[in-house]
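Next come the structures, one after another.
In the two assemblies presented below, subunit A is common to both, partnered first by subunit B and then by subunit C.
Let's turn to the complex of A and B:
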């Protein structure tokens, strides 16, 4: 089929990103909006907007984009023949994918079965193992958590089966803390995901987070290279790059092959990511999870491959199959992305909703800015704090880093607090510049750096 | 705005060879300001085209309802402040704008009820702002006299969440 009219069921920078590709492909766009988003930059860029009506007033706004029936109804009322869910909200909700199908609307993403397999972390772990992908020693916590933990060896990580976003995660150093941690993690997981199941895995203390981008059509699966996502705080990614720097070539090749093997095993259809933890001491990698959606950090892959990943998603959704072979995907240069958030690093990363008074971004060769904010934009407290993604590329990592520093110096967002000063200081940090930092780097760095970050913010 | 990164790059390539330090381009749909700085160019874009809503039967009703509820919760905050000022009660206010939760998770008993004894560090609720859960401490010792914002309601920054009759 040919998709002619798409409902974009999201907000913020990803809504702008999806609208751009649709416009380029000549696809008509309808943006689903709630509350103040009716007047947002994406609302102005879309051909049409349609209000999602979930009820519930200001608190209901937080849930508007999560309402399966309201979003499907909006798509039907708008005469859309497909829905692009972006990331977050309904992007990986199997019930939503089924509701789209029942309404005769194409869901731009993998099928409900794949979403179910990826959404249940334990099921995903089983699939990974079945596909021959290395998984960390671990298992489901039933009655005797101590026995499982004893077999794995301490420290262990307690994880939620329905998990994601770091919620329900706990590191346990010794047997005495285990049962308390399991109870807490289970309650947190039940509250957040409606699923109290938790499982244990060996905790990797010096870990890097590297992921592989996949594209599949249900029969064939190719990879679009890897991304480094180790610069994190509270399990939230802050800086990403492609390719992962200082990764042994054997490791890189094996990870890419493992991701493709898992994609083939899942008969993966659409765009997806396989996340791995790299144990830097053992020089080994293990399966972490599958993200069955377009990701925030996809632009770094686009910059090193020259591909438009949203266009690839649409082509797969139209049933046109993979349009390129693995051999035809070429990689060039290095790209780095900074997530510019409305939060104040000088005040414990306190969220900073409000109104953007003014915004200026860098422009020039090798610089891309994905954003939904301009002077007057509302930054509502109901949604995440991402304001913009600054993405730079260069012929190699040193050139990308030089460009990043210069580009960051030209970023200005007024009216809300941002983490720009932190990004500037990070880009100047020697350890980051050397490449290959682990997931504890940012937290350590923040503890070391606050005074200078604060000085830059207020000085 | 139809301007892509590639369009901006093309305009910049042209500008680079010219002696100008600023370009201010405005059409009915967008405004783009490019400025030359010692570090390179900056861009400030403004999408000017108006949104184009599809009329649906529920559209107006939904808009009206959302607006109304917003006003009601705003009014609640003002009443709470008045009550706090008159009766010698201490107001616990929302530290950030966000959704107020009275219990640690759905279905769990609330942190506090009217009549609960609290100390300064007793958690009385959670305010969720930008997907971050912020515990709200009582900040005063005493007895909960009134709960001013219902569970899962939105609270503007500074809204009185509840009132505490402070211990003498």
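Let's turn to the complex of A and C:
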């Protein structure tokens, strides 16, 4: 089949990103909008917009993009033959994928079964183990949490079975804290995902977060390389790059192969990511989770492979099958992405909603900016605080870093507090420049920065 | 009623017929490629070795990279290369191993469909080339049945070629190629069934230029005669001396009850893109052509005639135009009716020109059979013609008039050319060219002067983005940049005002 009209069920930079590819492919676009998003940049870029009914009030606004029936009805009313969910909101909701199917609308993403397998973290762990992918010792918390933890060895990580994104996560250093942590994590998980189940895993203290991009058509699965996502704060990625720097070739090859094995096991159809935790001390890697959607950090992969991942998603959804072999995917150069957020590092990274007074982004060879922000753009408090992704590439990592520093220096956003100054300081940091930092790096870095830099960050 | 598929020729033949092969750059193609990929075309006529040469010479762009980038931007629609099988960019005959390398590199870069066009219908040569292409990995190989009007090109002639195509395991289909647009609906009604009857069930395509306005009508008759695929152009790259307009063809076929499965909205988008590009780049858009009875005799494409008029004007001999055109018909018959498809129009024209204005002045228009009486005819013979008579371009369709043959070969230059060493093999070429260059670069340096290839390499990668709408703004910026500092700039039009000034 050929997709002629797509409903984009998202907002912000990813809506712009999806609209761009649709336009390039000659696909007509309808953007689902709620509230003030009707005046946003993506709303102006789309061929048409359609309002989705909010549930009422400020909370209702965010709920609009999460409302399965409202979005499917909007797509049907707009005459769309497919829905692109972007990331977040309904992107990994199996009930949404099923509702699309029932309405005769193509869901641009993996099938409901894969979403279920990936969404339930315990199920995903089982699939990973079945596919021969290393998983950390761990298990579901029942009445015997202490026994499980004892078997794994402290410290342990308490994780929510129903979802990711850092919610419901707790590190427990000794047995005395376990029961309290489990209770807290379970309550948090229940609130966030409607699923109170939590499980334990061995906590890797010196860990890197490396992930592998997959593309599959249900029968064949290839990888599109790896990404380093270790620069994180409270499990939120801040800087990503491709390929992962200073990763042993054996480790890299094994991780890519493991990801493909899991993709084949799941009969993966569409674009997805297998996240791994790399134990830097043991030179070992373990399965973390599967993200069955396009990810925020996909541009770094696009820049080193030359592929348009949204176009690949659409091709798979149209049933065109994998159009390239593993051997025909070539990797060139190095790419780095900075997430520029409306948040105030001086105030504990608190979100900083408001109105953008002015925005200037750099342009030039090897520079890409994915954003929905320009002078006058509203930054509402209900949604995540991502304003823009600054992505640079170079022939190698040093060149990419040079471009990053120069591009960041030419980046300006006024009217809301941003983490731009932090990115500038990070890009100048020697440890980051050396490559291969672990997930504790950013927190340590924020604490150890000398007052002058902190003033710059916070100013 | 029939199911009809379309092959679009805008990017190759459209560009060649209407814009002298120089109109389209890599960025122009990449911008629309993802849309063309989704229209539902069976394939795209994409490249020839001439177009590859133009990319290097005119645009300083790497044609191999153009293939790779286009393939990446349109992974679902096969890209076609058209060639004779015996030359690459330059007019010299290439070593068979050089041609083998050409096809291997083309397949590796992303070409999967190949047209083999032998201008003399030398089917032994066509079959040999098809075998080489198949071994190189070509998945769809098409033989050209090049249509013309002459004493030897009857229906039976084409049916005989169809039978050779049917018997070859390396040729998948055939197409009737009418480069001059001479085919009438009446002739199509006998020609196409005669070809189909001997084609052994292999699919048949039709490719007819609009030069004298006949082909849009032939296309309407073709599906009922057994043609499965019609080759068309889009927007500004259709009509004129190009092929029938895709949108018009689709509408007419559907009106007659045929099924054409293409996405109309995307087709319109492609057409509109080429229209906008033509306007932005000041390139002429193809127009529907009036019928021209005289054309059926000389069969010279518009571009060749324009060149002739210019050359005559430069010599102050405009009055000779009619005489040269008559001589073209005569020379063509004497040379065994070469089909007026590259490189033969240039060759026949060159000979006719020297027969009329060259030599010692005996320029009386002599009738074909009394030709030998004229001392000036064939007194000066271009190398191209000598090579043709020597068989460098294949076996002439009909024998060359014996006295013409003698006259051409009985000269020192003919003996020199006959004694020319055979073409160099890739290994021999490699010894003469810079060390360590890729096969792709080797082939470019084989086909073109090295200075051209050096200039292309020095220019760096070709731009990959293009927007017709942006061109006026870019032109304005370029102009502003070339002037002394502008202090204040105002663009004022209804509903829009832009004012720029120095702080």
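Note that in this section the second predicted complex is superposed on the first by the 451 of 459 C-alpha atoms of A that agree within 3 Å, B and C clash if a C-alpha of one lies under 4 Å from a C-alpha of the other, contacts with A are read in each partner's own complex, and residues count from 1 in each chain.
Note that in this section a residue touches a chain if its C-beta (ideal position, glycine included) is under 8 Å from a C-beta of that chain, and two chains touch if they have at least 3 such contacts.
Please read these numbers as outputs of a predicted model, since none were measured by experiment.
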Side-by-side fit of subunit B and subunit C on subunit A, or clash: fit
Of subunit C and subunit B, partner touching more subunit A residues: B
Which superposed partner A:320 touches (first subunit B, second subunit C, both, neither): second
Subunit B versus subunit C as contact partner of A:364, first or second or both or neither: first
Inter-centroid angle subunit B-subunit A-subunit C after superposition on A [Cα, multiple of 10°]: 110
Partner chain(s) touched by A:25 [first = subunit B, second = subunit C, both, neither]: second
Which of subunit B and subunit C A:218 touches, first, second, both or neither: neither
Subunit B versus subunit C as contact partner of A:311, first or second or both or neither: second
A:164 touches, of subunit B and subunit C: first, second, both or neither? neither
Minimum Cα separation, subunit C to subunit B, after superposition on A (Å): 5
Shared subunit A contacts, counted only where both subunit B and subunit C touch the same residue: 24
Complex contacts: residues of subunit A adjacent to subunit C: 2, 4, 24-28, 306-307, 311, 315, 320, 323-324
In the complex with subunit B, residue positions of subunit A that touch it: 20, 23-24, 30, 33, 35, 38-39, 41, 43-51, 53, 55-62, 77-78, 187-188, 190-192, 342-343, 350-351, 353, 358-365, 367-369, 374-375, 381-385, 406-407, 409-410, 412
Subunit B - residues contacting subunit A, complex: 1-2, 4-5, 8-9, 12, 34-35, 37, 39-54, 56, 58-59, 61-63, 65-66, 68-70, 72-73, 96-99, 104-106, 108, 128-132, 152-154
In the complex, subunit C residues that touch subunit A: 34-35, 37-38, 40, 72, 75-76, 263, 265-266, 269
